[in-house]
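You will see chain A twice below: alongside chain B first, and alongside chain C after that.
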Partner chain A sequence: MSERDTSRPVPFARAVRAMFDLTLEGMVWSRRSVLMAFLLGLPIVFAIVYRTVLAAHLPPRVTPFDFYGGIVVFYYLRFVVPLAALFYATALVADEVDGKTLTYLLTRPVRRESILAGKFAAYVATTLSLSLPAVVVTFFVLMTARGRAGLGGAVPDLLRDLGVLALALLAYGALFTLMGVLLKRPVIPGLLFLFIWEFMANLPGYLPRFTLTAYLRSLIRHRPAEEGISEIFGQVLPTALCLEVLGGAVLVCLAAAAWIFSTREYVMDQ
Partner chain B sequence: MTRSRLVVISSLAVVGLGVAGALGALYLDPARAAVGPLPPEGLALPADTRFVMGFDVHRFVASPFYARFGKGQGQSRPPAFTELEEKTGLNPERDVDRIVVAGRAATKGQEGGLLIVSGRFDRTKLSRAIETETKGVTSKNHEGTTIYLFREGAASGARAAAFLDDDTLILGSAESVEATVTNHARGEAPLRSNAGLMALLETVKPGATFWAVGDQSVLSRLPLRIPAPGGEGAVSIPPLKSVVVTGELDPLVALEMTGEASDAKAAQNLADVVRGFVALASLQASQRPELKELASAVSVTTEATRVHVNLRLPYELLDSLQPRRPVAEGSPALR
Partner chain C sequence: MSATLEFVRASRWYGQVIALNDVTTAIGPGVTGLLGPNGAGKSTFLKLAAGQLAPSQGEVKMLGKPAWGSPEIFHRVGLCPEADAFWEQLTGRQFLVGLLRLTGYDDAECRQRAENALHQVALLDAKDRKIGGYSKGMRQRVKLAQALAHEPEVLLLDEPVSGMDPVNRRRVVELVRRLGREGKTVVVSSHILHEVEAMTRRVLLIHNGRILAEGDVREIRDLMDEHPHTVALRARDTRALARAVVVLPHVISLTFGAEGEWLTVQTAKPDELYGSLAEAAEQAGVTEMYSPDENLESVFRYLVAG
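So, the complex of A and B:
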């Protein structure tokens, strides 16, 4: 059995994998995950209530597909997915700093970029595992409420929604990872970004292009009727532009986060 | 394997199973057709077809819309259907599955349209009804198919009907019917060469109760100026290059319209026109409260050169928009 050359750092891929396993174990079995699993799974309850109570007893004003579209647009994409990204991604480094455990990681013979890469991979695996099954179950509970008619026609929307939600987790996750390595208290600025800055997506002209949500919303096909200025100025950005901007945002944010994390001197409070 | 990895793998397995089930549902969907919602026999339509629209008759008949507006007042079915069934044995509510309407280039005139009716027919009884009940009908054999010709010598052109097969009846102008019969008999699909229309059909969601796609040549016949809200002057509507409409009738009337304008500015103008009418409806809500609901039932968005209009009309709203009938003297309401 060959011994590793201890004068060199652990190979990048091995270090990423080890960091992934370590972070995943702490991330999946945490109180944060219980809360997020509840929030991300709540639409399943909405769907069951719609199917068993609303659809049967109330005047049918919303079709199951419209209800599903509303959940994807208003609940997942605008609220809970960015929130999950905020709480998990800002904590990737901040939790280690708060717990004063970052020193133990930084003194290992691994490159700092591999620590961040492993943690981000664990974030992606955890959030995808919590959110996507809930979307799939919600889709089937709602779309079979009136038999199988219309189920096949809605499948392309399901696949698109799953892709867009995964992209949303990546884009918001990369941004909040950057905020996490840059700021000591990243949650409040993150909340301000989500609920103040992202509101620009409802404004006219080029302002929506300075938000992430405008690109994400443009990629999904559900267009629920809205009231207020978001309806007046509703615009959908071209798909190619959305993919380019979101892909670019992920790469730039992750590269910047990796560079800051690998060069920054972290001083632990005593 | 760690517990955490097990959780991740289990979750992703649920997603994988869901996606596999969804793809299975898509593949096995009875509404899945040759191109978008168009059935295979529709591909035999002439290549110069400019618009195609379709109805799922079973879903239409089962919808609250048909119950409210399709049948006569207090009747279980339209009287014309009863008469048709007596003469031909055909009950459209029961026997017809799907109707596809196609229109051809302007050079073929307004009479160049075609109807493809799919369902279960008593072919013998229906053929006999055509031969005996219709005056001046003649028939000829064309590519092994009997074509019935009506109104030969009429200024608007002869009409024709033919069975493409036991389950498919086509009706329309003699020239269009003959062309379609020829294409079907030879196994040709000339509509596939109409790339523009094919691209539009691909965008239609399969399984819709009704749908329609049309290109520029059809839309050029539409008026480009409409009366302005309030009745003063007129509003210019930017010309459209294509339009795609899909609709559902149960549990509410749901319409999705996508129009493609010549450029982004024209699309924005068109969206503004629609929003203007919606805003006007909102302003009138103080006098007619039901209009407030109408305003919130419409969503308008633009995507580069496209305008999407999404309409969701509950039947209660449609009822409230109907003109109120005067109450007859001696009716229970006046007693």
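So, the complex of A and C:
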């Protein structure tokens, strides 16, 4: 039997890893993941339909890259990635409270911050593994629809998109993790945030700077605004500012969530 | 007796409701029964002891440290909560290994300890089945196993035999007694006197959030016998069970449940009933047994009135 220091909690990294493994098992094989895999993978179907039916009928100026850009901005960044973050991250603690299983976790010799960190890491791993492969497949199905010319030049854009989507999962995930530990019923406020508050990103003036969408969208190089599809995306914020704000939001939200989770009582009704 | 668990003028309220009121007590090694009807404050007592709640007033110390906000105590404390709650998709072994890893053991030791704990509660054969498919009694036992697996010095058991069949109930009672003999501090809550009495003679009587009495269980034993005792049994063959039970001399009445799965037995001599029930229970396939708390409630009413 191993010698452990029982005068202190289990080391942070070790506790995070243990929590990560325990959470991942339940998260990957959940009904939530089946639904999100469907929604995140749906653009692959769009791409196949485009390739087999639409490509021949659309005017040449509407390129596969336009179609891909629209999917990334409108479907992934504005809709399904925030939705995935909402459904997973708000549930990180709420599911354990509703299922009354939190007691098992809170009676282990680990700091509560490590429980939250392990769960957040499992959320990131699950959502990344569901979303990024779907984006890559969509990209290649679309970009090879009219031959392989220009494919190589678009790959850096793909890599950038993957980075931005990962950042979106981190930023929205951190915010919704905070809402999950702060509110008893976080999903409705989360939906209101996504579809009402975040709509401010489309307004002129300074207001878009109070949304995550404005910063994330500014990082997408081939956003439709550049193609003149829409004039509503008036502002392109500097990349450095976007990274600072989004990184800061992740750190502040996670720190606040960890502090609340580590000081709050959770009363499990019998 | 050196105190492992100390409550010093500890109170806990939820809004306007006082769940535990100015409790001062010290619990040391051995088995201590926490006895009281539902809503008496037993679970709040255990949640305070297990650091799940902070006292609104006063102090609760476990192993010399404040129970609230000292996660390191859980190297040495195990809690078996009352709620029937699990990650249903995990097998019994995965459940234990996952929690043991959170206790800081390496993978090989986690597996070894999980097997030992499952063996102690007679669940080794079902270790690779999903908990979602376990019976009520098996779920109770795997919950107990997670509390035992890291061999804690202190065990807090909230209604640990609730819903278990008589055979496993006896097995768990014997396990608790053994742990007490080994010098561990075991606090067992129950609303059934006979259950607690089978495990220990040292009890804390709790009622309306207050410690009503501490001491030897035999002192309230005589009071208990004056009140008819009710036991509800769920069996595969309730008619066979009724046939076996109705001939026992101390049985006052039998009532069949609405769906025919339950049989409620009223007796004046609960000890004799529990003693003679095991054989009948095995033949009729009893799967669950519990005692509603009206029996204890009547004793508490008597004590409070007195």
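Couple of notes before you dig in:
Criterion: the second predicted complex is superposed on the first by the 254 of 270 C-alpha atoms of A that agree within 3 Å, B and C clash if a C-alpha of one lies under 4 Å from a C-alpha of the other, contacts with A are read in each partner's own complex, and residues count from 1 in each chain.
Just so it is clear, a contact is a pair of C-beta atoms (placed from the backbone, for glycine too) under 8 Å apart; a residue touches a chain by one contact, two chains touch by 3 or more.
In this text, all values refer to a predicted model and were calculated from it rather than measured experimentally.
Once both complexes are superposed on chain A, the partners chain B and chain C fit side by side without clashing.
In the superposed model, A:63 makes contact with chain B only, not with chain C. Of the two partner chains placed by superposition, only chain C is touched by A:265; chain B is not. In the superposition on chain A, A:129 makes contact with chain B only, while chain C stays out of contact range.
Contacts of A:196 after superposition on the shared chain: neither chain B nor chain C is touched.
Contact with both chain B and chain C is seen for A:25 once the two complexes are overlaid on the shared chain.
In the superposition on chain A, contact of A:7 is made with chain C only, not with chain B. In the superposed model, B is the one of chain B and chain C that contacts more residues of chain A.
Chain centres taken from Cα atoms put the angle at chain A, between chain B and chain C, at 170 degrees to the nearest 10.
Of the two partner chains, chain C is the only one touched by A:108; chain B is not.
Of all C-alpha pairs spanning chain B and chain C in the superposed arrangement, the closest lie 11 Å apart.
Taken together, the two complexes place residues 21, 25, 29 of chain A in contact with chain B and also with chain C. Here chain A touches chain C in the complex through residues 1-2, 4, 6-11, 14-15, 18-19, 21-22, 25-26, 29, 99-101, 103-112, 265-268, 270, going by the rule given at the top. Contacts from chain C toward chain A in the complex involve residues 14, 43, 47, 50-54, 71-79, 81-83, 85-87, 89-90, 94, 98-99, 101-106, 109, 146. Interface of chain B with chain A (complex): residues 2-5, 7-8, 11-12, 14-15, 18-19, 21-23, 25-29, 31-32, 59, 205-208, 248, 250-252, 254, 275, 295-304, 306, 308, 310, 312, 314, 316. Those residues of chain A that touch chain B in the complex are listed here as 21, 24-25, 27-29, 59-63, 66, 125-126, 128-130, 132-133, 136-137, 139-140, 146, 148-156, 158-159, 162, 218, 223-227, 231-232, 234-238.
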